[in-house]
Amino acid sequence: MRQASHRLTVATRGRGLVEITAEISGWVAEQRLATGLLTLYCRHTSASLLIQENADPDVRADLEAFFARIAPEEPGRYVHDAEGPDDMPSHIRAALTQTQLSIPILSGRLALGTWQGIYLFEHRRAPHRRELVLHVIGE
Amino acid sequence: MRQASHRLTVATRGRGLVEITAEISGWVAEQRLATGLLTLYCRHTSASLLIQENADPDVRADLEAFFARIAPEEPGRYVHDAEGPDDMPSHIRAALTQTQLSIPILSGRLALGTWQGIYLFEHRRAPHRRELVLHVIGE
Amino acid sequence: MRQASHRLTVATRGRGLVEITAEISGWVAEQRLATGLLTLYCRHTSASLLIQENADPDVRADLEAFFARIAPEEPGRYVHDAEGPDDMPSHIRAALTQTQLSIPILSGRLALGTWQGIYLFEHRRAPHRRELVLHVIGE
């Protein structure tokens, strides 16, 4: 049984989903594990992780509209606003999605479904550099 | 230290929670690990996983009503509607719940609380066959 | 490769976030693993886990207000109300947050980001004693 870990920095372009399936799958392939478990961890509280449909970009637009509706930027709505009106909605979006995802590795590949992609979900309006930690264990 | 993996297909009857605690616990018991970690992974973007109260069926009805209220089917609400009015609400429900769950194994059993059940949450109106991947590591 | 597990009981003071970063990090440090994976599991359906910003207490107040708005206590809103008006909102809050969290261990420490804290999220109005299961694997 072996482990490996890696830090991956992802540049975002402001609010929205950034697909990272290829980078993650590529690193997992290099580890040459037949069976195992990948864990992705996002080291931020205003960005998060999501498995979503990778086929139709409209899904990403609709998801964005959904989160904008349930956690709107609105003057006076939040006590915590020192970092800007998009800061507290970002923490709420992060709370409702995932800070961590684990995906089994079968026959040397991530067990993603056909239509699943792995996304980093940037919640702030401005571009950021986000750090993810990857960990695998298996053999 | 050993690993094992398994693919489990669950037939759903359309939107709602399907309890899968017995199937999952049964497979884990067969692996004969005293201590370890089980990971469940759902290979879909319109079905997901949830730990919920297993005692009162009303909880499931109330959960369903909650999700129908925050992510309603509504003509014109979503851009992504090629697969039907229940498709985009399904992706939102999946984003808000879990694609993956990990549960420690202690003394040969899943460390579930007394009132916890493991559920597959079908988000589409029509019945589907959903594929889960199970992975354990331990000894 | 080794494993360890632990049961941690956390006393809550009713609804709200209880920071548990120090207890968790302390137990992980005692395990003396250079690289590994920590899994936290919450054995309840009306309390859950959350990674959130640990710097500004206003974030916790705003999170609480958000969940009170989307899953309000309201007479007649829920079928399941035998355990009180805060019971079904508690299950909804638990469904929207995490029952389980896994965090990689790098260089002997949890890979938490600078502003991240680990919280137990109590959803009931009354104080409770909540049981968490901790599991590590690594070397």
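We call the chains A, B and C, going by the order they appear; numbering starts again at 1 in every chain.
Keep in mind that, in the parts below, contacts are C-beta pairs under 8 Å (C-beta built on N, C-alpha and C of every residue); 3 or more make two chains touch, one makes a residue touch a chain.
Model, not experiment: these values are computed from the prediction.
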Copies subunit A and subunit C touch via same or different residues, half shared test: different
Rotational angle, Cα trace of subunit B fitted to subunit C, multiple of 5°: 120
Mean-CA-position distance for subunit C and subunit A (Å): 20
Residues of subunit A touching at least two other chains: 1, 37, 70, 96, 98, 102, 137
In the complex, subunit C residues that touch subunit A: 1, 35-37, 50-53, 56, 58-59, 61-63, 65-66, 70, 96-98, 101-104, 106, 111-116, 137-139
Touching residues on subunit A, where the partner in the complex is subunit C: 1, 3, 5, 37, 39, 41-45, 70-71, 78-80, 82, 88, 91-92, 94-96, 98-100, 102, 131, 133-135, 137
